[in-house]
Amino acid sequence: MLNAIIAITLLGSLFGLGLGWAARKFRVESDPVVDQIDALLPQTQCGQCNFPGCRPYAEAIARGEADINQCPPGGEAGIKALADLLGVEAKPLNPDNGEEKLKKVAVIDEPACIGCTLCIQACPVDAIVGAAKLMHTVIESECTGCELCLPPCPVDCIDLVTPKKTLADWRWPRPEVDHPATLTAGKTP
Amino acid sequence: MRRPPISEQLERARNAGSQLHHFHGGLRLRHNKKISCELPLEATPLPPRLFVPMLQHSGLSAEPAVKPGQQVLKGERIGYFGVKEEMAVHAPTSGTVKLLARRPISHPSGEDGLCVVIEPDGLDQWTQLTPIENWQEADPALLRQRIREAGIVGLGGAVFPTAIKVDDAHLRGIHTLILNGAECEPYISCDEMLMREQPGSIILGARILQRAIGAGRTLIAIEDQMGAVNESLKAAVKEAGADDIDIVKVTTIYPEGGEKQLIQVLTGLEVPSGGRPADLGLLCQNVATATAVANAVVEGKSLIERIVTVTGSGIRQPRNLLARIGTPIENLVDQCGGYTEDAARLILGGPMMGYALTSDSNPVIKAANCILVLSELEIEPPQAEMPCIRCGECVRVCPALLLPQELNWQIRNQQWEEVVDYGLKDCIECGCCDFVCPSHIPLVDWFRYGKAELKSLQIERGKAESARVRFEAREARLAREKQERRQRLEQKKQGLRDQADKKKKLAEAIERVQSRKDGGK
Amino acid sequence: MSRKFDTGGAPHFPPHSTVAGVMQQVLYALVPGVMAYVWFFGVGILVQIFLAVAFALLFEWIMLRLRKQPVRLFLGDYSAVVTAVLFALCLPPLAPWWVALIGMLFAIVLAKHLYGGLGQNVFNPAMVGYVVVLISFPQVMSLWLPPASLAGYTLGPGAVLHTIFLGQLPAGMTWDAISQATPLDTIRATLATGGIVSEARESSIFGDFGGLGWEWIANFYALGGLWLIWRRVISWHIPVMMITTVVTLGLAVYLADPGSNPAPLQHVFSGALVLGAFFIATDPVSGCVSNRGRLIFAAGVGVLTLVIRRWGGYPDGVAFAVLLMNMAAPLIDRYTRPRIFGQ
């Protein structure tokens, strides 16, 4: 009996030491986690997460001060990616911050624009071109749909529209998985 | 098979065709080609209206260059894209442009697209033709330009713009041109008909292409079952006196007509993943593309028609037709005696890789190599999809050496990193795995979806990255402006202080002088 | 007048094979072996097969209903039947009816459905069921019969049913009288008492290679297995590698110490080795994905079987070997990913 206890204890300590050494010796250096988190965020810089931009939010997540479900533009897919990266459970999007909407872009109604530059100063990615007393316009390809330009406009001439899709944007759809036989096939809990 | 070093690869590529190799997997399928080869090739009569789609190439859509009411001549350009004037589309006959409308365009999504609708005037008059006289001595760049102007695309089904491929080939240096006559999908016989009836144009096209890209020789690959084709091609080669063109027969295993598989059979080499045949000094073109090149260069005619195989048990008299682009499919079917009673599905392409169309009012497009009408019995009836039982059949038949069952799990679970790692981008969508799966999982549909998602993710990441860069640039700019403002303020303050200093010094000096004066009295 | 059509996905070909078809072919391949079994050991095995199939389908039905999955589709895919038959072929012919019940309970409910159902089981369900009853009921699971030619009695179908369902032998018979150790049991017992293998082999229950009767059954299993390879239901890698490993390793050990080790062919033709090589280790769901992985898997099963037979606590190690290698299969897959075209 005693022999068994001694043997198991010895083996246990041996393996434990071995694992500890291996954990140190074979450690994989990776990017600081803040950069990895930032790479997964959509970079809309909209502030809906209650942080002034995507990088501060990433830093807060890394410090453990913010939860991973605060970002509406990132949506479900974004939360899942963060959950995978950090090894935590994915959770539903925090409804207080907004809901996951389809990507929209801002459009300025040009006849109504008065050239005040307030929206230019508000845009976090400098996607609005213009100058004082000159026409302003949104560069569609750079607009992230963050909606920060809407409140400052004194004549309310900015609208959010869905960008036009062409046939060249068409993609093969997800195959219909409506048969209950395939409901559990390949799904991880 | 370990990859040999690059120098040896190039050496082996130069000896393409000297020895035949095998590719992994593949399927032996029933050919079903004879029925459509019994009748000779015939041209289709002009329909009352031609609907020419602007989107016919892989890549971006052309934009119309004509207006409603405009008169056009046969071969006149009616659409192109961009400053480089690529993706050119031409009028298949002379007549009037009736309107520009959104209509079915034989697109796999089933959606409508912009078409130029032409009403033929019956004269079928060519526009001014611009052949290249004496192409044997013409500048190769001129030949390539002609290919671009003529709107020639890969007529094997991929419809990649030939001009882009040929330009790229010229830059990289090609030593062997491979003409792909190994039409491997069952039912399709348009290339076989072309090789039987117009072998001379293929040989001519081969020689022109050789000159255009600077290749030293040409290999024409045909299936080992094409006996008559071999003879007619050999005769044409002899007639043309071309001693740098060889004909090679490859074993008929689907998909031996796939570009990468064909190159593996001819050279034993694998095209590097993410690379192109040009990396090995090879260029692959379909035989029909070669004919189109010959027509464009020697006769100055742009691509306005192609051979289409109309076949299947749903067609009364299967045959090959020479059809103008924009002809509604129903016209072709009528010319073949119409549908049989049990016609159940209309497919553009072959039974392995083709896609089903909802209506026969869809037009013939440049990619339409075959119109296949199958009966209920022949198409895979909707079987319940079972879970994957990991039987491994898909792994056995995959020509790209992938693990389709693993890819299937990963795509369903959206594990995109693993999907890329396991090689989804190398999938050629041949359908072999789908064909053998006992659980009837629509693997090719999943892989197409997976590739589309990867593309969308890539675009999204790109946008996010660009937004981040712009954001950081803006932050930097604001910080800089702030800094500059602070500096200016500092300088101003400093200036004021200097002034105050000066004044103080002056006052002190005056005082000193004053006190000396006073002291001296 | 233009015509409308229904659409569907590519490839547009008639269905090539189905899951039910694959499973049915496995069952056909087992028929010769089962017939040989009945010839040598009586109809008891048919009752076991019947019981196992009935319980398997019952539990499958219950689980499908509980999990709200399409019942007809999955009951009709014959996968539960294959599990049941393979399990039953490992049982002694006169095992009581509740052995099949408990075995199928663990095989279908635990090993198959609680892991996710068809295509998701980590362990071979038939082997899980067998191992559970083997460890739980060692006494009952060791009451084997001698081949018909050696038995001094005949057990008619009535007597067989009586034994299986009532748990008692017909009057006048005792277990000691009618049961006999299997060849592997005999070797083990002989070695335990200090004898050598060749002494054990003198017993009448040994035939030319393996046990009398057992070797013929193994031949017929192999025949069925070869047919399956020809029909491309299984690939040759696992059976060939497993048998080769057993023969090679067995030969090495035999040459080193002929006294305590049976000859390699003895190993092949005893116990469930041939059945395991062609039917059990080839279960695609719990095995490896690539052919190289399958070779390693099969080699592992072969080695472990021999080790357990020689030095382990049970006469036959195929079931345990298969389960242990099932555990290793994902890791083997990870390290034997085939090279992709062009990489």
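Residue numbering begins at 1 within each chain, and the chains themselves are lettered A, B and C in the order written.
The rule is short, and it goes like this: contacts are C-beta pairs under 8 Å (C-beta built on N, C-alpha and C of every residue); 3 or more make two chains touch, one makes a residue touch a chain.
Just so it is clear, the structure is predicted and the values come from calculations on it, not from any experiment.
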Of the chains shown, whose Cα centre falls closest to the middle of all protein Cα atoms? B
Counting contacting C-beta pairs, the top-scoring chain pair is B-C
Distance from the CA centroid of subunit A to that of subunit B, rounded to the nearest Å? 34
Note: subunit C sits from subunit A at a C-alpha centroid distance in Å of 51
For subunit C, write out the residues touching at least two other chains, lowest number first. 9, 70, 73, 117, 119-120
By residue number and range, which residues of subunit B touch two or more other chains? 384, 386-388, 442, 445
Sequence positions of subunit A contacting 2 or more other chains: 175, 179, 181, 184-185
Okay, in this complex, where on subunit C does subunit B touch? 1-19, 21-22, 70, 73, 77, 79, 117-120, 232, 235, 284-285, 287, 289-290, 337-343
Residue ranges of subunit B touching subunit C (in the complex, touch as defined): 1, 24, 110, 260, 270-275, 328, 330, 339, 344-347, 351-361, 372, 374, 377-384, 386-393, 395-396, 399-403, 405-406, 422-423, 426, 431, 434-440, 442, 444-445
Would you pull the subunit A residues touching subunit B in the complex into a rising list? 38, 41-45, 53-54, 77, 80, 124-127, 142, 144, 166-168, 170-175, 177, 179, 181-182, 184-188
Can you list the residues on subunit B that touch subunit A in the complex? 55, 59-61, 105, 107-109, 111, 113, 384-388, 408-409, 412-414, 442, 445-446, 448-449, 451-453, 455-456, 460, 463-468, 470-471, 473-474
